[in-house]
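Each of the next two complexes has chain A plus one other chain: chain B in the first, chain C in the second.
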Partner chain A sequence: MQSVTRQDLLDTALEKLADGTVSHVLGWSRGTFDYEATPTLFSDPDTLRTAFVWNDFCGANLSKYLIKHTRRLEGRLLVFLKPCDTYSFNQLLTEHRFERERVFVVGVPCNGMADPRKLKAQADGILSVTAEGDTLSVETLYDGTRTLAVADLLEERCLTCKSRRHAAYDLLLGEEGEVQDSARFDEVAAIEAMSPDERFAFWQKELSRCIRCNACRDVCPACTCEQCVFGNPSSGVENKAASNEFEEKLFHIIRALHVAGRCTDCGECSRVCPQGIPLHLLNRKFIKEINENYGVYQAGAEVGTRAPLVDFTLDDPEAETVVRRGDDA
Partner chain B sequence: MQVKEFKPLIVAFCCNWCSYAGADLAGNNRLNYPAEVKIIRVPCSCRVNPTFILRAFQRGADGVILCGCHPGDCHYTSGNYYTRRRMAMLFSMLDYLGIERERTRVEWVSAAEGAKFAATMNDFVQTVTALGENKRLEDLRCKA
Partner chain C sequence: MRKCALSVMPDLLRAVAEATPLYLPVDTDKGDALFTRWFEGADWSGACNTARGPKDLFFPQTEDLVAFKTAGKTVEVLDIRREQEDFVVFGVRPCDVKAIEVLDRVFLSEPVDSFYAARRNHALIVTAACSRPTETCFCGTFGIDPTALCGDVTVWKTEDHVYWQAATEQGERFLAALDGFLEDADDTAVTAQRAQTAALLSRLPLHSLRADAFGGGKTEAFFDHPAWDTLSQSCLGCGTCTFVCPTCQCYDIKDFDTGHGVVRYRCWDSCMYSDFTKMAHGNPRLTQKERFRQRFMHKLVYYPENNDGLFSCVGCGRCLAKCPISMNIATVMNTLGGDAR
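== the complex of A and B ==
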């Protein structure tokens, strides 16, 4: 259950719309099902009142949508950002993707979001989902009404939440949380501990499921190039049919390299992957390596910091040292 | 049927200002290094985008080595420092994905180090030959 209610968010948005602070509101509306929340732009208070949702399924990070909408629209946009989303917001500002003055950030505290996949695994034929305190009342087609604890349905990224403190906001609803001391690198360390053959088999199994839908790229707040090399229809590798197993692997290596040092570890890539590939483990590997070799760096913690891969010190370790480090562990 | 002896294909990216001249020096000094090494001259080791290395593997390379100026000696003052971080990240990612780490290497070779160039290449070719054909990062369409 979230500590601020839908009414709190709605009141804030309506007030800011009414007093002319903002002209549009970026929030979520109900998707096809109750367990889906779709990012939506609202401009009229009536639609906002009826369609706006804030529940345990508002996992979508709204920061990337600001690029598109600030370019398209006049006036100022109100956006609701959860703590992890604010890191992406700062990173986008660092990269000059939009102007800070054009956005009014409302920070909303988050207690972790539920994963629709976990919900669907536990309940078949879901008709409706209603939040009741710390549980969800799930009405199903076959089993009647069931009650499931939100804590058992949390997204993987929320189980290893890195921060509940907002990195940026203009107005904060509810109470500010703290940076978490989470064990988010444990999964990476577990893979590192495998033998090279096991690692290869592990990634082969995961990455061969990729259908090259490009959802990870489209949702990634660090992937904001105007033209993407993977969107080029004459590249010969723009879809699954055109590529082979090598390119499947490569697509993900190149994407991870492209966002290395800029990835805020928001976990959106894994959330949207229709094949359930743990893509965040690639990005997290880079974050772990950067932290261990070049000093702890959290992308998006502040605006204007220099990403580690466009920076250097005179006594950086050699590539070979970096690769061999951890062999003794 | 005669079994064909395995000859690896090695791609060496060499910086114009140091290792490329180092290779020249090795030649002038009549030092041997294997013909399996195919040198690609780049203006600076920093010119090498990590995807170049992946591309080399795709096109059938069994090992890729990147040679640049010693840290502090870059012709453009700081190019090789960026290279160092970039390659550290790329190599650790390839290692993480289970690709043999011995297939990739960074070596700093100055223009005066012809002997080091030859020794490095001999050693690298030997290592890659022992590993055998690159099976984990191969594109069958690019193989003859």
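== the complex of A and C ==
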């Protein structure tokens, strides 16, 4: 259960629309089923009142949409951001992807979001889902009405939440949280502990499931190139489907390298992957490497910081030191 | 009608696989099921449907067409086609059988696609009737009865038996070869199951979704509909819906530089992508709105217009389950359907 209610968010949005602070509101509306939420832009109070949702399924990070909407629309946009989303927001500002003054950020506390895949694994033929405190009442076609604890359905990224503190907001609803003492690097460490052959087999198996739908790239707040090389027929490397096993792996590795130092670990890539590939682990590996070699760095914690990979300080280890560490590992 | 005990299925499937390559839905460790080549110990998945349809077996995501070998100033054209062997696809759901009909009309009409035709001509399809539909199912919208006889053979699985019926001559021959496993049966159990499934279908959330407003000749009614703006507003432009779709059939042909020649291959393409149908002057569909509209107009208007009213959506529900933003054809139909101008 979330600590602020739909009504809290709705009242704020209606007030800011009414007093002219903003002209549009970026939030979520119900998808086809109760366990889905579609990112939605609202401009009219009546639609907002009827269609706006805020519940345990609002996992979608809205920050990347700000690029498109601030370009297209006049006026100022209100956006609801959960703590992890605000890191993406700051990183986009650092990369000058939109103007800060065009956006009014409402920080929304988050107790973790439920994963529809986990819900569907536990309940077949879902007719409706109603939140009741810390549980969901799930009406099913086959097993009557089930009561499931939200805590058992949390998205993987929420189980290792890095921060409940917002990195940016203009207005905060509810109480501010703290940066979490997260175990998010444990999974990476487990893969590091594998032998090279085991590790290769692990990624081979995962990445061979990829269907090159590019959802990971298209949802990624760090992937904001005007045209991706992989979608540009003139680039020479454009590819819609992996033409061989090498390219299949290469796409994800190149993407991870491209966002290294800029990835905030928001976890959208793994959330949207239709094939359930744990893509965030590639990015998290780079974050772990950066932390270990250059000191702890969280992309998006502040606006305007220079990521270690594009910065230089006199304390940096020499390249040969880094290579030696790699050899030792 | 014939039947066998559920417990003999592993032996029966082994016998099929020993005679002919066999593909069937097998659970993965990701909690979904995929069509998989039979292996010793492969269990027929009980999943409502596979994560991707059987399309891959007829129209693979990437496929080499021809190769060119260069040496100095000579170019040699290599015929890399392989002789297609017979194969059996077991456990195809009725929506996916209908999807193959949609593909057939594209690839088997003149000029016939010889790669697709070779696979179709060598395939035998065993349909598995549905008894446990899920909330994303809406095949009824497109007139499909997921309990009815279709494909070459249909099986109905009950708690302890599997009932078999052939729909084609090829199917009759297939059942004759399995005679040692099968015994005669009446259709009481199947009839009861079909009634039970029909009752379940009537309780599905999308049961009342109708396609009547769509079809050939409706281009002008829907093309400039104002709702496309809001419907497409949050579309990421990824290819998920098109790549999990059992009827999406668009492909691109590309050359892969091998260093000493070229392999010309085709791969699935997606109307959601910015370079789809890109021409010398650019992409005719400039924004995601036009690309999004294309996908649904194709399914609901253009395809039926060219194919005797047949829709190219079969209501399998995969795009509903997989879209990262939960925007889909059901929402599009609901939004546009009651408001055709």
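Operating definition for what follows: the second predicted complex is superposed on the first by the 302 of 329 C-alpha atoms of A that agree within 3 Å, B and C clash if a C-alpha of one lies under 4 Å from a C-alpha of the other, contacts with A are read in each partner's own complex, and residues count from 1 in each chain.
Convention: a contact is a pair of C-beta atoms (placed from the backbone, for glycine too) under 8 Å apart; a residue touches a chain by one contact, two chains touch by 3 or more.
The structure displayed is predicted, hence computed values, not measured ones.
Chemist: Using the touch definition from the top, say if A:E36 reaches chain B (first), chain C (second), both or neither.
Modeler: second
Chemist: Touching A:Y294, do we find chain B (first), chain C (second), both, or neither?
Modeler: First partner only.
Chemist: Using the superposition on chain A described above, determine whether A:R199 touches chain B (first), chain C (second), both, or neither.
Modeler: In the superposed model, A:R199 contacts chain B only, not chain C.
Chemist: Which partner does A:K249 reach: the first (chain B), the second (chain C), both, or neither?
Modeler: In the superposition, A:K249 touches chain B alone.
Chemist: Between chain B (first) and chain C (second), which, if any, makes contact with A:I191: first, second, both or neither?
Modeler: A:I191 sits against chain B, while chain C stays out of touch.
Chemist: For chain A, which residues belong to both interfaces, chain B and chain C?
Modeler: 244
Chemist: Mind listing the chain A positions that touch chain B in their complex?
Modeler: Spelled out, the residues of chain A in touch with chain B are 191-192, 196-204, 244, 246-247, 249-250, 253-254, 256-257, 260, 282, 285-286, 289-290, 293-294, 308-314, 316-324.
Chemist: Contact residues on chain A for chain C in the complex?
Modeler: It comes out as residues 31-33, 36-41, 60, 65, 117, 120-121, 124-127, 141-142, 209, 211-215, 217-219, 227, 231-233, 238-244, 271-272, 274-276.
Chemist: Applying the document's contact rule, which stretches of chain B touch chain A when the two form their complex?
Modeler: 50-51, 54, 58, 71-72, 78, 81-82, 84-101, 105-106, 136-141
Chemist: Sort out for me which residues of chain C touch chain A in the complex.
Modeler: Touching chain A: residues 30-32, 48, 51-52, 61-62, 132-136, 200, 203-206, 233-234, 236-240, 242-244, 252, 254, 256, 265, 267-270, 273-275, 278, 320-322, 324-328, 330-331 of chain C.
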